[in-house]
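Structures given as C-alpha cells follow.
Both complexes below contain chain A, partnered by chain B and then by chain C.
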Partner chain A sequence: MPSDQDLSADVVIVGSGVAGSSIANELARAGISVIVLEAGPRVDRQHFVENFRNLENKPSYQGPFPAVPWARHPPDQVTPNDYLHTTGPDAEAYQQVYLRMMGGTTWHWAGCAWRYLPSDFELKTRYGQGRDWALKYDDLEPFYYQAEVMMGVCGPDPAREDLGSPRRQPYPMEALPISYAAQQFRKLISEKTPYRVVHEPQARNTRPYDNRPTCEGHNNCMPICPIGAMYNGSYSVYHAEAAGAKFVPNAVVYRIERDSANKRVTAVHYYDPDKGSHRVTGKYFVIAAHCIETAKLMLVSADEQSPAGIANSSGHVGRNMMDHTGVQVSFISGDKALWPGRGPLETNVIDNFRDGDWRNERGAYLVHMVDDNQVDLATQLAISKGYVGRELEEQIRYLASHTVRLFSHNEGLADPENRLTLSATHKDMLGIPHPEVYYKLPEYTVKSCEHTRGLFRDLIGLMHGTDEQWTPGYFPQDHPAGSTIMGTDPKDSVVDGFCRTHDHENLFIASSSVFSSVGTGNITLTVAALALRVADTLKKELAHA
Partner chain B sequence: MAADRPCFPTSIHLSTPNAARMNRALRMSRRDMLLGAMGAAALTMGAGRGTAATTPADDDAGVAQFMALSQRLTDRDALDPRIGHALYAGIVRATPQRHDQIQKLHDLMGGSTFGSARELARAAEKADPAFKDLIHEIMTGWYRGVADQKVVVYRSALMFDITKDAIYPKTYAAGGPFYWTRTPPEVALPKGEPALSPSKFVVEPT
Partner chain C sequence: MPDVTRKILWSVLAAGTALTCLSPLSARADEQPSADLLARGEYIATAGDCVACHTAPGGRPFAGGLRISTPMGDVITTNITPDPEHGIGRYTEEDFEKSLRHGIRRDGSRLYPAMPYVSYSGMTDGDVQALYAWFMHDVKPVAESPPVTELNFPASLRITMAAWNLVAGAVPPETGDSATFDKLRRGKYLANALAHCSTCHTPRNMMLSEKEDSYLAGAPLLGWYAPNITSSKTAGIGNWSEDNLVQYLQTGHVDGLSQAAGPMGEAVEHSTSHLTDADLHALAAYILQVPAKDDAVEHSPREQVGKAVDTPDIRTGVLTRIDSLDEMDGAHIYDGNCAACHGSDGAGTSDHYAPSLFHNSVVGSARPDNLIMAILSGVDRTTGTLHVHMPGFDGNSDVQRLSDAEIASLVNYVTATFGSGDHGVTAEQVGKMRAQLPKTP
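Moving on, here comes the complex of A and B:
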C-alpha cells in the first residue's frame, strides 16, 4: 500500500458533488485511475433524515447538515454570517448556502433539472446584454441527455409541452402525475391569464430507476429525500467507487502546485483535520468544488508564480458572481382548499418569462408554485394570531390548506465588480480564510424582480389572497455562478469552452463557476452536463496520451 | 484575525441537531453561547454533589397542573401524559419562572368555571399579560411538539393529528404511489375568534 504521501492518479478531482463524482464515475468506468478529494465528511442519508426530524426549524435547509470545523459551510442564509461574509448594497441577497459533504449540495436540492435555453448561451449576441458562453446549446445537448440519464429525469412529452430546449431523445422517465394543488394552480393560470404552467423536469423517479425507488411524496426533497427517490451526488459517488474511483473524505485542498513553466499542474496538497499535509500527483486535475469554494481555492493557492491566484492571469477569478436572486411571497388563498405539500416539493413552473425580446433591457425569470407542506407554518401563524383550543385547530386546518407560496428565479448578469475575495478578518481552524462576496444586484435583475412582483400581485388578486408575507428585499436562490467565468478570450475569462483553464493546460473546472450567464432554470443539470463533457475530453486525451 | 477554534473530535458531524445546538463549535449564536456557559456552570456546581435536588420532570404536582391546563387550553379531554412530562420539563428548563406561572394560571383556572380554551385564555391575559407567553408555549408544545426550541415529538404533534385526513408529516408519507393526485377535503372558512391579542409573527430563517 502506498502511503498518503504517494497518492497519485491519472485524474485528481477536488470536490465530490454532482460534478466531481459524475466525472469520477465516467473515468473510472473507462479504466482511468481517479482520486477524489472531498473537504467534508462522509455521512449517510439516514443520519440526515434523523437530523431533519429532530430539527425545530424545519425550513432550515442547512439544519440537518452541521458543518465540520475543518470544512465550514454557511450555517444559514442570515447576514452577518458565520462563514460566507457578504458585503455591498445587496449583501443579504447573496447569502447563499451550500454543503461541504461527500455528495455535495444536491443532498438538499429539489431535483429541478432544467436545460438552459439556446438563447441563454448567447445573451450578448441576441440581446446585447452580459456575455456569451464559449459554447452553444448544440455542443451541450448530448451531455444534457447523458446527465438526464445519469440522474433519472422525468419530464413532459416534448410534443405536448415544449420547454424550449430542443431534445433529440425523450426524457428518460415519464412525467410525474401532478398534485391536486398543482392541478388547481395550472387550471387557474390557463383559464384566467395568458400564461402557462409547465411540468418541471425533475431528477425524481416516477418508476424504479437506477436501483432507487419511486417517489412516495414525502414532500421533503429539500432538505433531504428520506428514500433516495430523488437523485443526488451521493449516487454518483457510490457508482464511481464501485467502478474503482478512490474518494478521500476530510481532505481539504489548500494548494495547487505547478511546474516551473507554470503551464501544468503537478500536484494538489490537502490538509487532514489534524492539519497533516498530503500531496497528490496526477496527469490531469479537475476543480469541482462549488462556485464559491472553487474560486476560494484558486485564490488561496496564490504563490510567487501566480501572485493573483491560480488560473488568474485575467484577474477574473472570483469576479462575475451571479445568482437567480429572486422574489418570494406567501399568502392565504380565498378560493377552495389546495392542501399544498402532498407530493414532491417543486413540480410546477410558469415559464413564459424565460425568454423574450425584452431581455435586451430586463432579465428573464421563472416562477415556482412551491408545493410545500404548510402545516407547521400555519400552526405558528395561528398561535401568533392568538388562537387557542378548538378555534386554533380550525385555523391550522384552514391556513395549512389555503397557504400559497410563490418564488422566482430572476436572471443575474456577469458584472466583474460582484466579486469573491478572501476574508481579511476570518480564518478557519486550518488557517484558510473564509470567503467574502461583494454584491450589488444588477439593474437588469432589479427590473426583472419588479416585473415578477407585478405578476405576483396579479396572481394574489386572482386567488383572492390575503395575509401577504413578502420576503424582505430579495431572495437568494443558492445558485451561485460565474466565479471562474468561461470565454474565448484569455484576457477576460478563466476557462475555455471545454472548461479548461486558459493558463494551465491540464487543469479543468467543473462547476457553475464557469457559467457566462445564469439563465433561469436551476443550475444543476447544466453543471452535470458540463462535467460530463469534461469527462469526455479527459477520456479522449488520456486515450491518446 | 478571528480564527475558528481547532479542538473538536472528528465525529462531531454525527451530533444530532439538538446536541449541535448546544455545541458552541457548531453554532455560535449568542443565545447558544449563553446556554453553553450556563450549562458548563451548572455542571461545575453539580460536580461531586450527585444529581440536582429536583428536575422539572420530577415535579409531579407541576406536571399535573400543566396537564390540567393543557387539556383546557386545547379543548381536549385526553392528552398523552408522556408528551406532557417532556413539554413541561422543556418549558420550565427554558424559563424557570414558568414553574410559578403555571401554578398561578392553574389557580386562576380553579377559581372560576371556564367552558372553553378561549374563555380561560382571555381571562388569563386580562389578569396578567405575562400569561400570554406561557399560553403560547403550551400551544407550541402540544401543536408543534416543540419546547425549549427543541423537538419533543414530531409526527405525534397535534398539528398532524388534526390534518391527518389530508396530509402527511414530511418524511412520513404513506398514501401509496401518486396519492397526491386525489382531491383532499374542503375546509370552510373558520368563524372562531382569537382569544389572545396578536403577536408579531417571525418566520424562522432558512
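Moving on, here comes the complex of A and C:
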C-alpha cells in the first residue's frame, strides 16, 4: 500500500479494465504521471485456468472468478443474485455480469471487436429513434484503428467482405480460419437464404502478436483463454506499468471531491479492504469503472454540493440503461453433423439485419452462430430422453455433433425510465450500497426480438431442426451502456463528445456508460476507441498546461 | 532481430565466373562490385550470421550494441555498417581483412575474442573480398555508436589480447574458390570458417580459447547450454541422420528429436535456414562425422528419453478466490500454463507446432539449463512462412509471470514426468539464469 503523500498524479484513473489501462498506457508513454485505482485485486492467469478446470459448470462465465468481499461482482446470470439487483417487467433480462479485478471484464469476453456503423452514431437523425451521439464515426475512426492495433484485432479484407464501417487501414491481422461447423453454416445460409455470414472481427491472434501466441482454438475464450492469444485488459496494465503508470489494487473509490465552485474535481477517496480511507489528488480524473459501477460511484458520491450525485445536474446519471438484450435458441440439426466446439467461440455472424430503413421502427440485430462445445447440453438432452448405457453414449455423440446454438444482439434504446439507483436495502462490507436497475425492454427492442425469433424459426426449419430449446424471455448480453449518456445539451446528458462531464471540466468518463445508442456490435472496441480519444485529449491539454 | 537475409542460390553463384577473374583483395570501396560478388558477400554474411551479434535487441541491422556477457565483463558489439564515423566506412579491404581474420582493428588495437575471428581466419580470400564488398555497398550506414566495452583487468588492456592470440592460434585460411569445394571440405568450411559452430559448442579453457580436444563437445552460453554435437551416440547427436540435421538447420525443429530456441533459434532464423540445400547437406555431413566425445553427465541419448504419460486426475473441484496467487505445485503449474498446448500427457499438438516433451532432447537432457531458459524467455523463431512462438514466463510476460520458485517446481515436474528425472533445480538456480536474460529496451 503506498503512503498517502505519494498519492497524487497528473491523471487519476478509476478502474483498470480495457478503458482505464489503455488510457494509463498512452499517458505514461507520453511522460505523464498516472495513478490507476482498481477496486479488485491483482490476479493471474494460471489460477483462473486451474479454477476453470476444477469448475463443474463449464459454461459458467463468472464461475472461475470468485470475487473478493470488498469489491463484489455479480455471480452468474441468476435472479436474485444478491449484488446487481434488478426490478421491473424485464428484470431478468438485465442480469449483467462483469469482473472487478486488475484488467477488468475482458478476462472473459469472446474477443468480438466490432466497429460501429456510421449510422449507429446518428440514430435520431437517420431514423428518428433514440439519440445521436455528440460525435461522428469519422471522429472515432483513427482511434478505432489505434484500439485494433493495441488489442491485436484480426478481421476480413474489406475488399472481400465489407463490414460497413469504412477503414483507412487493413486489420492488423488476417481473419481467423473458419471452423468446420461454421463452414457448414455458411454454406447453408449462402445457398438457401438471401443472407450472408461474415467473419467476426476478433481481438485474437491469428499470428504471434505483441509477444503473445497464436490462437489454438481451445474453445473456452469465455471463461478464460488458457494461453493469452485473446486480448484482455491485463496486457494494457502490464504495458502501462512498464511505462511508469502506478496501479493500486484493492482501492475501492467511494467519493469524488470537488472544489468550492463545484467546477473541478480535486480528489477521489478510496477504501482499502480494512476500510482505511485514502485521498488521491490530481489535475485530471477519469472514471473508467464499467457502466454499472461508474454510475454507482457517481451516485454514491452525492453530497451537499451535488445532492443528486456527481456530474448529475441533468439528472441523467444512472438513466438510459441499455444492452443488446437478445434471443437465444439451441436445437438439433436434422442435417449433416456440424461438430461445433472447435476454434474460438464466436466467429461467424449474420449481419443482414444490422442496418436498414426499418430501423425507424425496430432495432437492428446481429445473429451469432455460437461455435461452443455442446457436450453438456447434449448429455442433459440424452439423459432426459431416457437413454442409458451404450445408447446414451451414442446419443451424446450424435446430439453434441448436431447441436446448433444461435443468439442475437438486439439493439436497445435510451429510455430514461430504465434506471440504475442505489439499493436502499443492500450494502457491501464497506457500507457502499449495491446497484439496482429497473428495466423494461423498449418496444423498439421487443419488435427487433420478434423479428429475430421469426428468423430463427426459419433457420430451424431449413436445418430440419428438432428439440428446440428457447431461452425463456430475453437473453442478457452483458453489454450495459448509457448510464452517463453523451450529448451536446448539458440539460439532458452527462458528458460531451469528448467524454468530458458537462459539470466538471477536469472529469472524464471512459466506459460504455457514455454511449448514446447501444450500437450494432459488441461494445468493447468502441469503449477502447473512446478511451484512446480521451487519452489524446488529455495529452493535448496537459501539454498546453 | 531484423531479418536482413535473403535466400541466395549458391549454385548460380558457383556457376558464375566473375569471382575467379578477380585477383584477391583488389576491390575498393569506390568501385561498383558485380552483382554476383555482392550476392556472394550477402550469402557469406548470412552463413557467418554477423547480424546475430552486431545488432542490439530491437536495434538497426549491424549497428552493434548487443551486450555479450563474458567472465571478464560485458563485451558490447560494435557498429559494422559502412558509416565513416561510427562504423567501418573508412576501412579498406586490407583493414577489413585484418579485423575479420586476425582480430586487429583499423587503429591497431586487438578485438576481444567474443568476435569469432579465430573461426573467420579460415575464410578464403575470395569470400573475404565478397563480404567486404557487400558490407560497403549493400549495408545501410547507421550514424550511431553503441556504448564502449569496459572489461575487468587484465582483459581491459587490449594489449592482453595480443598475448591471448598467441595462445589461441588462428588457423590458416582456406585456399581456392570455396564454391567449388567437395562436400566434406565445403561442410568443414561452412562449419568452421563461416557458421562458427565451435564458438558456442566447443568448451573453452582458462584463457577462453576453444579446447581443441573437445571440439563441439558442448559448452555453457549466456544461461543456455550449447550441447554436445559430436557423433557420440550417448552424449552427442550420433543418432541423427543427415536429413534430420538438415531439417533442424532449415526449420529449427525435428519431431521426436529437438527444437531450437534462444541463440540457436536465432542462428537458424538468421543464418542456417537461408543456406542452400547443398550447403546444409555438406554442413550436416561434416558435423555428423566429427569424432565422438563423451560427456561428464549425459550418459544416454537425450532424445530417446520419456513417453506419453497418463497423468493422474488432479481436479479437486475446489476454486480459489481471485486474489489467491499462492504458489502451486509443479503438476498444477504445468496444468495451468503448459498443458493447454503440450497436453496433459506431454505429447504436444498433433501437428507438432507445440512439440512433445518426451523424445525431446531439451527435456531429456541431464542439464535442465535449456528447459529453464526456454520457459523464461519463450521461443520465437521464424523460418520461411512459419513463425513458431511460445510465450516466455519471465517478469516481462503478458501471459503469465512465474517466480523463480514456480519455475523450479515446474522444471522439476516436467523433467521428472517426461524427461531425465527430477534434477532438484532450486529457485536460486533459476534466479541466476533469469539474470542472464537479455535486457529489452
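Methods note: the second predicted complex is superposed on the first by the 541 of 545 C-alpha atoms of A that agree within 3 Å, B and C clash if a C-alpha of one lies under 4 Å from a C-alpha of the other, contacts with A are read in each partner's own complex, and residues count from 1 in each chain.
By definition in this document, contacts are C-beta pairs under 8 Å (C-beta built on N, C-alpha and C of every residue); 3 or more make two chains touch, one makes a residue touch a chain.
What you see is a predicted model, and the numbers here were worked out from it, not measured in a lab.
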**Asked** chain B or chain C: which reaches more residues on chain A?
**Response** B
**Message:** By the touch definition at the top of the document, which applies to A:Ile383: first (chain B), second (chain C), both, or neither?
**Reply:** first
**chain B versus chain C as contact partner of A:Ala67, first or second or both or neither** = both
**Request:** Once the structures are superposed on A, label A:His426 by its partner contacts, choosing first (chain B), second (chain C), both or neither.
**Result:** first
**Message:** Per the contact definition in the header, classify A:Thr281: touching chain B only (first), chain C only (second), both, or neither.
**Reply:** neither
**Message:** For A:Glu216, using the defined touch cut-off, is the partner it touches chain B, chain C, both, or neither? Pick first, second, both or neither.
**Reply:** both
**Item:** Contacts of A:Ile396 with chain B and chain C, given as first, second, both or neither
**Value:** first
**Request:** Give one of first, second, both or neither to describe whether A:Asn54 is in contact with chain B, with chain C, with both, or with none.
**Result:** both
**Asked** With the two structures laid over each other on chain A, which partner does A:Arg45 touch: chain B (first), chain C (second), both, or neither?
**Response** second
**Prompt:** Where does A:Thr87 make contact in the superposed view: on chain B (first), on chain C (second), on both, or on neither?
**Reply:** neither
**Request:** Residue by residue on chain A, keep only those touching chain B in one complex and chain C in the other, then list them.
**Result:** 40-41, 43, 47, 49-51, 53-56, 63-64, 66-68, 214, 216, 218, 226, 250
**Complete:** Per the touch rule, the chain A residues reaching chain C in their complex are 40-51, 53-56, 63-68, 101, 207-208, 210-214, 216, 218, 226-228, 234-235, 238-239, 242, 250
**Item:** Parts of chain C lying in touch with chain A, wherever the complex brings them together
**Value:** 315-325, 328, 332-333, 335-337, 340-341, 349, 354, 378, 380, 387, 389-392, 396-402
**Prompt:** Can you list the chain A residues touching chain B in their complex?
**Reply:** 40-41, 43, 47, 49-61, 63-64, 66-69, 72, 75-78, 82, 97, 177-180, 183, 214, 216-220, 224, 226, 250, 273, 275, 336-337, 339, 341-343, 373, 375-381, 383-398, 400-402, 424-431, 469
**Item:** Residues on chain B engaged by chain A in the complex (per definition of touch)
**Value:** 1-6, 8, 10, 12-18, 20, 25-28, 72-75, 116-118, 120-121, 135-136, 139-140, 143-144, 146, 149-151, 154-155, 158-160, 162-163, 166-190, 192-201, 203-206
